[in-house]
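Multiple structures are listed underneath, in structure tokens.
Two complexes follow with chain A in common, the first pairing it with chain B and the second with chain C.
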Partner chain A sequence: MKLYFKTVLMNIKSQLEYKKAFIISTFGSFLITFLLIIAVYFLFLNFNQVGDWTFYEVAFLFGLSYFNFSLAEMFLRGLDHFDETIRNGEFDRLMIRPQNLLIQSICMEFDLSKIGRIVQTLIVLVISISKINIDWTKYKILVFILMNIGCFIIFFAIFILKATFCFWTINGLEFMNILSEGGKKVAQYPINIYEKWFRLFFTYIVPFGIVNYFPVMYLFGKSNNLYFGITPIGTIVFFVTCIFIWEIGVKHYESTGS
Partner chain B sequence: MEKEIIQVKHISKRFKVSKREAGLKNAIKSFFKRNYKIINSLDDINFSIKEGEIVGYIGPNGAGKSTTIKIMCGILVPTAGECIVNGFIPWKDRKKYVKNIGVVFGQRSGLWWDVPPIDSFELLKDIYEIPQKQYEEKLNELMEYLNLQDIINIPTRQLSLGQRMRCELASALLHNPKILFLDEPTIGLDAVSKLALRKCIKQLNEKTNVTIILTTHDMQDIEALTERIILIGKGKILYDGSLNDIKNQYNENRKINLKFKYTDKIINLPNANILEQTEESASIVLKHNDESIADVLNELTNQVEVVDVSIEEMSTDDIIAKLYNELKI
Partner chain C sequence: MRKYISFFKLSFNVALQYRTSAIAGILTQFFWGIMQILIYRAFYKNGAGTGMVLEQLVSYIWLRQAFYSLINHVTDSDIKSSIENGNVAFELIKPINLYWIWFSKTSSSRMAACLLKCIPVILIASILPGNINLNGPASLGTFVLFAVTLFLGMFIMTSIINLFYIGIFYTMTSKGTTSIFYALLEFFGGGFIPIALMPKLWQTICYLLPISLATDLPFRIYTGNINILEGLKYVVVQFIWLGILVVLGSILLKKIMKNVVIQGG
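Now for the complex of A and B:
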């Protein structure tokens, strides 16, 4: 952990070496998500509601999904760019260091410029919470925190999966973006608006449903089922599975070296 | 007897490579059904290296040099065979094993590009969990040997290649490894930097007794640093022994070009053949390589009035090229 923060510091130092590029990309990352939420807003001007969800409720889910995705992008950039680590042979170098390979891979990059996006999505999250009538109790605060942690864990796991894919091929990464980019977009709406098979896939395989739909039903008072609040804990299963697949990927790399 | 720190026994490595003909049709075909070709990258490799030795591991491109190095570093697992380095099987117990080795890839940097080397060193201290006191001592020692005082605070990307290589070397040695792998360390360096780096490597070996395995295409690296070479070609070890023996075996006999004052005498030497002679010059080839040139010259000065002498000898590069040719690798 200490090591992670040291490498993060090192990465920040590196990025601040290039001031202009840093300012532009920070501003850019702010603007992109801003445009996205504006687009959702215009959509609601025409339709008022999606299912029985209001604009602010959807904005809350948007904020939740994009906020945690941006956090993952900032802290786990090394996994997102893992194809480069493989392509330029840097992974060999990680293997001769006496530290965990996954952690080292994460440490390869830290994208500070995503701070623009994080701030923006945080604003969306705060505004939407203030506009929605939620009876905050201690348990509901816990649920809200769990939702964020769970959401981050899913993106973390997807990033691991995406990186693991590179052990076999560094082409065709677009396919893995279905999960990361697609997942982020799927999670911005409550999953009960989707078709059944789609819903099942995003609840039991890639479990976005358990970090937004179920807990949010409880949070917004649409359901009184207390258990809905703790479903985000289930993301650990998905995470552990992805770690396991990563280990298989490393074994494959050791036997092919490509 | 000195301890054998590296033992490689019957190591083989096979790769499965997908084979595809050119053209769109074949590209689509291979998408569904791949044809694989098995490539023997290494075939029954055996050698052992003693503690404190410097060994040159040479061979043409694609011979299997880096595959061997990768196996010894624990990056690759061989298809068959045994390898014990410093009491460890490299690809098992990776984290413990790599604490005792240092690696420099000449083509790739181990330093963080945008920050000064000292920052990289600090980070490596944490990665290798080196105690502060030991780190400081080692750093001071390396700064002295490698002459780093003036360059350690400049961002790595602004260093010249020669300066950077010295920092790379330091970064690979901070944790005091027993074995150092140098993969083409002098590649791309200018003559002065090469000489400086070789001197550093030699000194490090003498002072710290670190075992060094060196791959290079530069025969002068080998001549400057080591007696022993291991020659690999097409995945097999073709020679393991002293460079001098190879040189004597493959060297063409030395040739003496001679200029002298006008004479019509014909030169007559017992130990050499006269290739050609004019009234003012001659070229002479020694019959045996171990012949002393001095003796021959002595004899020559008795017979003619020598003005100028030059001696032609095959360079090590020529000899190695000839050797590769002869072994068809």
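Now for the complex of A and C:
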């Protein structure tokens, strides 16, 4: 852990050396999510609501999903770009070091410019919370924190899965974006607006439903079921499964040579 | 002309090599298509919105997915890095026009990628059950007009991307500007939500910009959201914009070439 923060600090320093490039890319990452939420707003101007969900409720889920995704993108950049680590043989170098491979791979990169997106999505999250009537109790605050942690864990696990995929092939990685980019987009709406088969996949296989629909039902007072609030804990199962697959992948790894 | 055609062939063949990527791309495109349709379907359940009926929207989404590689905003990382690291100097020695090298490279790799992807996406999307399938064109005329506007649209997008490459000569880096370029192109091209579903004022802005001529117009013609007569007018508009963009790009590039400094050797 100490090692991780040290490499992060070094990464930040090196990125701040190029001020102009840093400001431009931060602005770029801000702009994308900003225009995305504007697009969602346009949809609500046209349709008023989706199911029985209003704009601010969806904006809350948008904020939740994109905020945690951006956090994952910033901190776990090394996993996101793992194909490069494999391609240039860097992974062999990691293997001879007496440190956990996963942690080392994460340390490879850190993308500070994603801070633009993080700030933007945080603003969306704060505004939407202030516009929705939530009777905050201690338990509800806990639920909110659990939702965020759970959401981050899912993206973390997906990034691990994406990196593991590189052990077999570095072609066609675009496919894994279905889970990362796609999941982020799926989770910006309450899962119950989708068709049943789609909903089941994103609840039981990739468990966005348990950080999105169930806890939010409780949080917004649409349901009084206390257990709905703690469903995000279930994401640990998904995370452990992905770690397990990673371990299999490491055993399977054959160097690209060079 | 022959020189540019051989550049075209070369990039075309290179792009055809990436079959695994193409399959992955097709699957990804499918997922995006279905996800978007499911989201819009949920919106339409509350009553129709203005601008487009659901059947049109479903076909619109599938076509956009099928021809995404033709009209997307993705820039070529080889060309970008060649400007950044100075390798572009090698192209400048050759007795050919840099603008048209880029133009043929970009458009050919687009066509190759599209050739691999569009047919399977269209075939499968047409036979999907449950009202999420791609409908056929209203008439032969619409189809021909669709094909014409799609091709012109691709060239318009290529010339916009060329302007972006030229911009790199000024900024010296494409990191960051690429994502700004992407965000604006997607938004004003109707990539985040279809332009027809936007508020009136924003629709007007989007239609005044040339981007929508590539990313929106052909598909609205196919789905019947624009009738043939109006569509024919837009073909003229496409030609005018294409002319403006190409001339603008060529002039800017020539101007830069006079001042370009090749460092080191």
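Basically, the second predicted complex is superposed on the first by the 253 of 258 C-alpha atoms of A that agree within 3 Å, B and C clash if a C-alpha of one lies under 4 Å from a C-alpha of the other, contacts with A are read in each partner's own complex, and residues count from 1 in each chain.
Here is the rule we go by: a contact is a pair of C-beta atoms (placed from the backbone, for glycine too) under 8 Å apart; a residue touches a chain by one contact, two chains touch by 3 or more.
Note that the structure is a prediction, hence the values are computed from the model and not measured.
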| item | value |
| --- | --- |
| Touched partner set for A:182, first chain B, second chain C, both or neither | second |
| Touching partner for A:17 - first (chain B), second (chain C), both, neither | first |
| Contacts of A:239 with chain B and chain C, given as first, second, both or neither | neither |
| Touching partner for A:67 - first (chain B), second (chain C), both, neither | neither |
| Which partner reaches more residues of chain A (counting touched residues only), chain B or chain C | C |
| Touched partner set for A:220, first chain B, second chain C, both or neither | neither |
| Partner chain(s) touched by A:95 [first = chain B, second = chain C, both, neither] | first |
| Residues of chain A contacting chain B in one complex and chain C in the other | none |
| Partner chain B, residues of chain A touching it in the complex | 2-3, 6-7, 10, 13-14, 17, 88-90, 92-93, 95-100, 254-258 |
| Complex interface listing, chain A residues touching chain C | 21-29, 31-32, 35-36, 38-40, 42-43, 45-51, 113, 169, 171-175, 177-178, 182, 185-186, 189, 193-195, 198 |
| Contact footprint of chain A on chain C as seen in their complex | 18, 20-21, 23-25, 27-28, 31-32, 34-35, 38-39, 42-47, 49-51, 171, 173, 175-180, 182-184, 186-187, 192-193, 197-199, 202 |
| Contact set on chain B toward chain A in their complex | 15-16, 67, 70, 73-77, 91, 94-96, 98-99, 101, 103, 105, 108, 110, 112-115, 119, 122-123, 126-129, 155 |
